[in-house]
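Next come two complexes, and both contain subunit A; in the first it sits with subunit B, in the second with subunit C.
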Partner chain A sequence: MRTSELTDPTSTAEGLPEEEAPPRRRAAVLRELGWMPLAGFAVVAFVIVVAALAPWIMPHDPLVSTSTQRFAGPSAAHWFGTDGYSRDVFSRMLLGSRVSIFVGFVVTATVLLVGGVLGLVAGYAGGLVDSIVGRIVDVLLAVPGILLAIAIVAFLGPGIQNVCIAISIHQLPAMVRVVRGATLSVRKRPFVRAGRAVGMGHTRLLLRHIGPFVLGVAMVQATLGFADAVLYEAALSYLGIGVQLPEPTWGNMISEAQSFLTRQPLNAIFPGLGLTLLLLGVNFLGDGLRDVFDPEGRYRS
Partner chain B sequence: MFRYIVKRLLHTIPTLFLLAVGLFILVRVVPGDPVLAMVGENATPEQIEGLREQLHLNDPIYTQFLTWLGDLARGDFGNSVQLRRPVTDLIMPRVPVTLTLALLATLLTVVLAIPAGVVAAAHKGKAADRVALSASLVGVSVPSFFVGMMLMLVFAVNLRWFPTSGYRPLSEGLWTSLQGFVLPAITLGALYAAIVTRMSRTSMLEVLSQDYVVTAQASGFGRRRILYRHALKNALIPIVTVVGLNLGSLLGGSLVTERVFNLPGLGTLLLSSIERRDYPVIQAIVLLVTLTYVVINLIVDIVYAMLDPRVRYADK
Partner chain C sequence: MTIENAPVPAPLAAAANGRVPLLEVRDLHKHYRVHASRWGGRAETLRAVDGVSLTLYRGETLGLVGESGCGKSSLANALLMLDPPTSGQVVFAGQDLTRMNAREMRRTRRRLQVVFQDPYSSLNNRMTVGQIVGEPLVVHRIGATATERRDRVAQVLDSVGLSARDARRYPHEFSGGQRQRIGIARALVTRPEVVVCDEPVSALDVSVQAQVLNLLQDLQEEYELSYLFISHDLSLVAQLVDRVAVMYRGTIVEQGDVRAVFTEPAHEYTRKLLAAVPGRRSRDRP
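Then we have the complex of A and B:
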């Protein structure tokens, strides 16, 4: 992103009370972080690559029986064993990883875009616009936890598209709050007033000059939102109202395996560990990003 | 104080009203004809017309809304279409199950997480702190339904300490009834314990860095006395707030946990109603749980304002 003289943080840093960390400090913070965010990044990157390549690296067809034995344990032919329909669990997990990653990215992008714009506009414009956006946020926040996502899916019906819509709506209020808060804090800064004074339009000011300042905290929120989206998709699919069988997701694989938990617990354990690993990775990464972009926790929702 | 309470109430009522509007609209934008979905495909035209009449769907939209709102205000959530029973009759027996689960999980959270957070803060950077932080990070990362299933596998299937699933009412004895709640409560509590541990640690660290703690140290008070007598008392206010606010999301989380252990609470009713497309029941559960959550929030806010006068004057 090209930054003009006016938005360069180093040129406006002096003499202002609440400031972004200067670049030098950020580098220092990066060193202090240690291995956790890096490990998190490695795990997430690995799962993304696996998900992208899944159709080409799946050893078996995940949707049909490819073994003579049901509930088989791990073997050379079937690394993670087979399920109740003697399908290959490893191949099903590879295919299922695509759903997690897909929902994660689609929801994160949607929330970043819609929530980002709403938050920017509400924080910048204030007044009536702010009140209306604030009201919507209040209503969405009033429905506790996963209930909002469940309720939306209940009315829209199952399927990956509706799951994405439901989780996006669930996450929207947090993003709007964070971005609005950050926008409010830069709105009064001299460079914004200077921009207005030299006749810059609102849109240009918002996108080119305020936007970059807000992007850091928005990205942190988005990373946490990614983990949240993966978790919620798994939960909705586990509950049987998300992505429907026979299309495998890690959530509905666990749900399917529960009925035969005594017969072959590994069928639930492998997808469960997959989810845990991915979520740990995203959370490690998110914690690291937060320490860099929002060290004092000013914009946490 | 009175003004603060009135202000918070005035803020809450429009939120609930808008939620009711939202739920009302949702049923009407459902893809396909909800009436057809509710009565099934083999319904006769008379049945469909009868249901439309029963749901007041032939009235103008604003009359429909006002009728519905009026019924709600009287505690009448309408009738389940498929089960042909009042929604209230379906919901009421489920409430104690969900409530018991949520309260037990909260108890567990309080007993485990607050001490863990305080100890972690007292030993910041040391081994105890790292263990508490890592455990809480793992706690928020493992999906709760997976935790539940693993607990079930180990403690119910293999060790046979607890029943795998199902619900025994209190009338069969306190211990028999409680046994069925142990694993679900741990499952649900684990996630919130992770959140509350982190919050307690942060809150405690904040207090420990304040001037009066430094003064107390300089005056030669013992470490334990400062920690538990002076710092904890002040750190507890935000911690209790977080616990209170989480009680609401616990209600949401218990919906999932009930499914894992097949407990007959609001969550299992909600899911079976979704399968049946029984919209009046779905609406009622969403409204009821949200109302509970909003009321808890309100009480927590008011108690917080009573304990900490700064809150009352902050946004005057």
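Then we have the complex of A and C:
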């Protein structure tokens, strides 16, 4: 920023409210946010790296018995102990983190793309298009979240692909609402009118002049949606209608360990801790992003 | 004579002598539905523009004055087809804009531009000045190469009193007056014939107002522009325009040569408007 370079003698009309404050310095923004978003970012980045490298850094094969002892506690060979089939819990968690991260990213990308387009078009076009999209969103919102996801998976059958579809459909309404609201308010701003006066088409106005202003709040919504997707995948897998055993996910690991909770509680506690940490991390990060992009909380869904 | 029932005078025939009408507004109406409540209640119609006829001749400046809320900006938006009018015609260079399809209208906008009131919110603050001013060229496919477009942007920035180096900077780095120059550059870059100036200086400091007005006058000569100059400030209009139309409650109550209208107003509302100009009353009443 080079605000000091003003040489023209014309002065600013004082007292005029500025539409949007000039971008703050990056360092100042970071200082204002505090440590929580940074910690969140660190946790999320760590889990992503671990998930990406899992097949190469797993100390044992997570699918077969690699110990002589069932339900063993933590040891040098098996950091998180072993489970009921004497498999290595640490390796299973590493492999399971891939499912969480995969579902998180796929759902977030799908929702951002589909919900973003629907919200932009509904908010920009208004009228009949807006009404139709609005009614669809209302119908989806009328069904409680987990029930909707269960119904969809029950209908489509289990498996990671259908889990992604179910969670995406469940998350769509919130994204559409947020993006539609932001689009409505940006659409009314004079520079969009100026763009029309210049002779721009709808595509250019949407992509170049409205899209960039909507992207911030959409990203915040997507980040919070990522946490939601991780949690729902775990819940569906816990209920046995998500990713199927023996392929491990944190959700079905908890479910499997539940029957032997008195014998070896650590088998459930470790994946539970992993989930808690990841979800906290994503939410801290999301809150930080929201403070940057939507400080007044205008578009919260 | 009451103000409400005033007849709409026809455009002065004298002013038309030997001159070419470039933009003609014929019996333009813009009505808005106003609902008393969401459910039920009588839907009322607000006649923001209620049968306005205006003619802008090539090379002249036509002023449009009136108090705020009288429909000036509604008229501007309607004749620019930003808010399509309810009825009436807008004939620009022989073509009726109200009958154009979206594609033809977009193409016509190259020749019919507008400068907006608020120099802050009418510029996209995430784009550089070069992108803002150059975008109309991209939209209208003017200039074969990026270099050619950049040269043209530099040239128009120069003629509005900015420098070519400013193209790389962002709007928030500029003052209000400078921003309005950017808005003017954006309007002029496609070489339009008509520029609608919708209160172009009312958001600026008084000292800056004069500079921007002088610039508009210089540019009129340089680019052979015709202006429709909308303002609530009668003293500005008196300096700048050739003819003036006085708008009140959606209709034109009086129009004609600016000196004639301002020295011998025929309509009661014009007299009231003139009497309200600060500093003027004391001169009129010894």
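By definition in this document, the second predicted complex is superposed on the first by the 274 of 301 C-alpha atoms of A that agree within 3 Å, B and C clash if a C-alpha of one lies under 4 Å from a C-alpha of the other, contacts with A are read in each partner's own complex, and residues count from 1 in each chain.
Just so we're on the same page, a contact is a pair of C-beta atoms (placed from the backbone, for glycine too) under 8 Å apart; a residue touches a chain by one contact, two chains touch by 3 or more.
What you are looking at is a predicted structure, and each value in this text was computed from that prediction instead of being measured.
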item: Touching partner for A:265 - first (subunit B), second (subunit C), both, neither; value: first
item: Subunit B versus subunit C as contact partner of A:190, first or second or both or neither; value: second
item: Which superposed partner A:146 touches (first subunit B, second subunit C, both, neither); value: first
item: Partner chain in contact with A:209 - subunit B first, subunit C second, else both or neither; value: second
item: Footprint overlap on subunit A, comparing subunit B with subunit C; value: none
item: In the complex with subunit A, residue positions of subunit C that touch it; value: 80, 82, 106-110, 113-114, 116, 118, 120-126, 135-136, 139-140, 161-162, 169-170, 172-178, 183, 186, 190, 203-205, 207-208, 211
item: Subunit A - residues contacting subunit C, complex; value: 1-3, 5-6, 8, 10-14, 16-20, 22-23, 189-191, 193-201, 204, 208-209, 212-213
item: Subunit B residues within the subunit A interface of the complex; value: 11, 14-16, 18-19, 22-23, 26-27, 29-31, 137-138, 140-146, 149-150, 152-153, 157, 202, 248-249, 251-253, 255-256, 259-260, 270-271, 273-275, 279, 282, 286, 289-290, 293-294
item: Residue ranges of subunit A in contact with subunit B within the complex; value: 135, 138-139, 142-147, 150-157, 227, 231, 234-235, 238-241, 251, 254, 258, 261-262, 265, 268-269, 272, 275-276, 279-280, 283-284, 287, 297
